[in-house]
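What follows is a pair of complexes built around chain A, which joins chain B in one and chain C in the other.
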Partner chain A sequence: MNREAANISEPNLLKNQIAGTRAQNPDAREEPSAQSAEPNIKMSTKGLKVFYGDKQALFDIALDMEEKSVTALIGPSGCGKSTFLRCLNRMNDTIDGCAIDGNVTIDGQDIYDSVLDVVELRARIGMVFQKPNPFPKSIYDNVAYGPRIHGLAHNQKDLNSIVRGSLERAGLLKEVEDRLDEPGTGLSGGQQQRLCIARAIAVSPEVILMDEPCSALDPIATAHIEELIDELRTNFTIVIVTHNMQQAARVSQKTAFFHLGKLVETNTTEEIFTSPRDERTQGYITGRYG
Partner chain B sequence: MNNIEIDRLTPLAESIAKARRKKRYAAERRFRLYGIISISVAVAALCILLLSMLIKGLPAFYQTQLTLTVELNKEDFSDNGKIDATAIEEANYAVFLRRALRTAVPSAQSRLDKRSLYRLLSNGAAFNLQQRVMADPSLVGKTLTLDAIASDDLDQYIKGHIGSGTGGRLSKKQGIWIEKLQKEGVIKSSLSTDFFVAGDSREPELAGIWGALAGSLLTMFITLLLSFPLGVAAAMYLEEFAKKNRWTDLIEVNINNLAAVPSIVFGLLGLAVFLSFFGLPRSAPLVGGIVLALMTLPTVIIASRAALGSVPPSIREAAFGMGASPMQVVLHHVFPLAFPGILTGTIIGAARALGETAPLLMIGMVAFIVDIPSSITDPATVLPVQIFLWADSPEKAFVERTAAATLILLAFLISMNLAAVILRKRFERRW
Partner chain C sequence: MTGEHIVKSYDEELQQLNSTIIKMAELTEVQVERAIKALVDRDGDLAYKIIDADDEIDGLNYDVDTQAMRLLALRQPMALDLRNVVAALKISADLERIADYATNMARRTIPLIETDPMRPIYVIPRMGQSVMTMMTDVIEAYISRDAEKALDVWRADAFVDEMYVSLFRELLTYMMEDSRRITPCTHVLFIAKNIERMGDHVTNVCETIYFLVHGERLREQRPRKTRSDRLLTNSKPKE
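Here is the complex of A and B:
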């Protein structure tokens, strides 16, 4: 559980932090107010309810996620952020006793529609998990697995270029290009997580879901991944769950605050951290509770 | 409230503490000793068993033979001088051997004595000579020196298990002849592979385990062919796809119970269903294999489920997240990781089936089978049953053969279990 925010009692301190981050990051997206066009909504939920048996975990969540941008989901432990994230690519289907009600759409299409193939959906919406979980295969086979089962490569040359391209975009190619046949589990934690990201982007998904991708990593690896997220958002829609508010401030454009299964507040990142509207949000970001 | 405090420094207190300490040390030592005694008893029992088997069984690999000079006179092959294949096949080879034996022991003159002398030779010696001449007809008319298999009585006498004279199985005269032959170096005892390549026989000196071994291998083949795919598929479905409800609970309880059912019950099932109802051939490795497969199936299912369940859910999640279908998740990811455990369970189940006797007795694999089975529908017997049959036989020579066959069976079981351990180590992958 991340209590780094505990020391901050002044919202202005966060505001300065955000300003500082943006100053350090010259490639950061322009302020939303400078956007001329209406941003496209890639995925959206309406009235989403999730039940684990008799217990209700999410209450009427309505959230829009913009395309080619990073949406962060923050909130204290057990508030339902991961549950919500897993609804977006129907991973909750694999859990016994999990019932979902409501509407989740991608590009306007309901993903819980019975005619939709869940396998194809998950090729469009990739996921990176909290603990790096590369397959116990070689690095090459890890990244090549997705393209292989979805038939994205016509021949070996195609596959090679897909694998190398994904590894390069994940920032891993230089470190592993001379040992692509070695098992993926032999890499360090940060490298494994980048491998998982490479594996996810190898199938060219439209959306990437990240469930606390850096919580098991050291600060340097975390920095690498945050850089990577910033590069990836030019091509992918990213939704990231994070415990670390500074991380949310650094990487995301929009933030949603969850509390006890309800979506309390959602706004641009800068607004949420500098002038939150709800007092629960205020309490969380100032560290009064975690 | 009692305010007595024992001052630790008083001599009385110290001696009490010392006594307690001694008792405690003694108790600890005794406790360890019990463990050592238990292990020693178990190891000693095992060693005694193995040693007694070895001592009893090793002589079975040695065969006693008589070195004889045999004259294959042409007149004895045919009356009209025409020596063709039929003549060679139908000639009486025992006559040649007996003549040679009489030459070696001239003191046997009376009919009774001659008959007594001939009993030192095995019936198989004549058969071997016939096979040899049929393979090489140019031997007709020649004199050759060969090793003829001795009878089981002579064999056991040489090995010191029976005696001669009053109370012994051989007569005093036979004892004298044997001594003479031994002095002349006619009798020799050497390692022979006949035990491994011959089928069963009423004559102990000719009996081998190859028939039973072939039967065992065929039966094992059917058992593995049936139990491995069925068991693994059932385990996969139960572990990965089946919903958790009362029906699956019921199935799970029943499978666990089936693993503990006495094996003879499966034999009765085989008798009633496969032999009586379906009319499959009796005594065939096919039926034996099916019965043993049913017996091994619960073991394979339980071991496979445990192996599949031990694969961490993070692997499955990663695969699902990549858009793999449920079948792809199981076949590409879960099964390869669970394979070592599944293999171990299967081999251990098969090793148990190899040593099973009771169910196979019920389906008739207990007959005296001389021919080596060549297909799964030929009548056959298996190694444990062969041991059982030989243990029942009256001839003294079968005692060592029973022990030798037991050694072979143990060797197979040990090597199968060793294979299970080695294969598991080799296929183990870390995640």
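Here is the complex of A and C:
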């Protein structure tokens, strides 16, 4: 049973254009075959603490997220998984009274380094939210917005190419290619979410963060997004927060279980869901929690 | 035939489980065939080959267990998919037992080669051939998910049972004629029992295939004319 690899031609074109500002580690490319090599860590946190005013929400989180792989964050409501996710692209900066301590790195580089441009960071580390939030613009302009702001296209032809390529990789192009000038808000929930994913990948991110991306979608639309995630992970690093454990089981290679602001257990998804080491993990995933 | 899953990797995993079962079944079929041949041709080398090859089938059984566990934990299969996964677990257990019986037959063949050929042994190849045909047919029934074919195989086991009972009678008579024949006849009896048990396990696979396809249990009773437990040394068996 052969699967077609996701279109790789488009991102390579874009990466060449942006090579100056986002030099990839050349050594990473020359790794030997997947089976023998150590997995590459794309993002990493060490001793990460987050406070909302006086209240501590995260306690010393140390988590490695592997490149070109899906890491799922699971745990009960209020356990800190969304807070953690927002640390990864500095979205917590926008929250009043939120204080962060500790280390968050991408390719070994500290993302809280004052030298770093946070807007550019958020293009490298894209985000998709629970409720699809297309801009009140046309489908085309939704996807073109990011590339325009970041000056990623030299001319209209390039821009068209980026928009079409992103829509195709998000699995949406066929459904909308004859109405790209219609408003993005006119699409169904599942289509809107795929539009938001197209928008995120249009700026050639390295990492895509997803905060409960399928909570507002029906099972068929959810399955389409999960198939899309399967395809995207050949090119991107994906971190997904979900309170649907079964989704974490279906979609991820590694799973991290959060509980009351602490990272209780991390392992391959298969291990977590067949033989978790910690009692709290077992309690949560079997529904014996509380 | 239903369509493909939206998530391709799910289909790939189910397909892989299917392929592992087919591979295991084909290897088991070969072991059974070899076991009959080793006995009939009095081939000690072939008997040792059979014993060595059993590890591979045990390995595939372990693979099926692992793949099925993974599918259940990570995909939450429903309906037909769930029945496919559960069927795989049950079928691999039955195949593993069939393969073990073939290995046991090979082990008993080795001492038998030392003794003179015996008269009642002609029934063994006929029983063996029946079971081999059942195996071939049940594998086809699994591949094409054909419950009717599985039912035909299921009914064919009656013939194997009958041959076993008649062989049992003959061996008893043979042993009573000359007590020096008791040891080799006992080996032959165990071998015949192994073949009869193989047939029984194949019927288990048939029942599993039926359940897999129809989603409900087979309610028919298997036809059986005589039973070996009704044979007593001094009395006539009931017809």
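The rule is simple: the second predicted complex is superposed on the first by the 255 of 290 C-alpha atoms of A that agree within 3 Å, B and C clash if a C-alpha of one lies under 4 Å from a C-alpha of the other, contacts with A are read in each partner's own complex, and residues count from 1 in each chain.
Here is the rule we go by: a residue touches a chain if its C-beta (ideal position, glycine included) is under 8 Å from a C-beta of that chain, and two chains touch if they have at least 3 such contacts.
Owing to the predicted nature of the structure, the values given are computational and were not obtained by experimental measurement.
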{"item": "Chain B versus chain C as contact partner of A:89, first or second or both or neither", "value": "first"}
{"item": "Touched partner set for A:51, first chain B, second chain C, both or neither", "value": "neither"}
{"item": "Chain B versus chain C as contact partner of A:112, first or second or both or neither", "value": "neither"}
{"item": "Partner, of chain C and chain B, that touches more residues belonging to chain A", "value": "B"}
{"item": "Touched partner set for A:59, first chain B, second chain C, both or neither", "value": "neither"}
{"item": "Residue ranges of chain C in contact with chain A within the complex", "value": "5-12, 15, 69-70, 73-76"}
{"item": "Contact footprint of chain C on chain A as seen in their complex", "value": "1, 3, 220, 223-224, 226-227, 230, 246, 249-250, 269-270, 273-274"}
{"item": "Chain A residues within the chain B interface of the complex", "value": "89, 91, 94, 96, 119-123, 126-127, 129, 131, 133-136, 145-146, 149-150, 185, 196, 199-200, 203"}
{"item": "Chain B residues within the chain A interface of the complex", "value": "243-244, 314-325, 328, 332-333, 337, 429-431"}
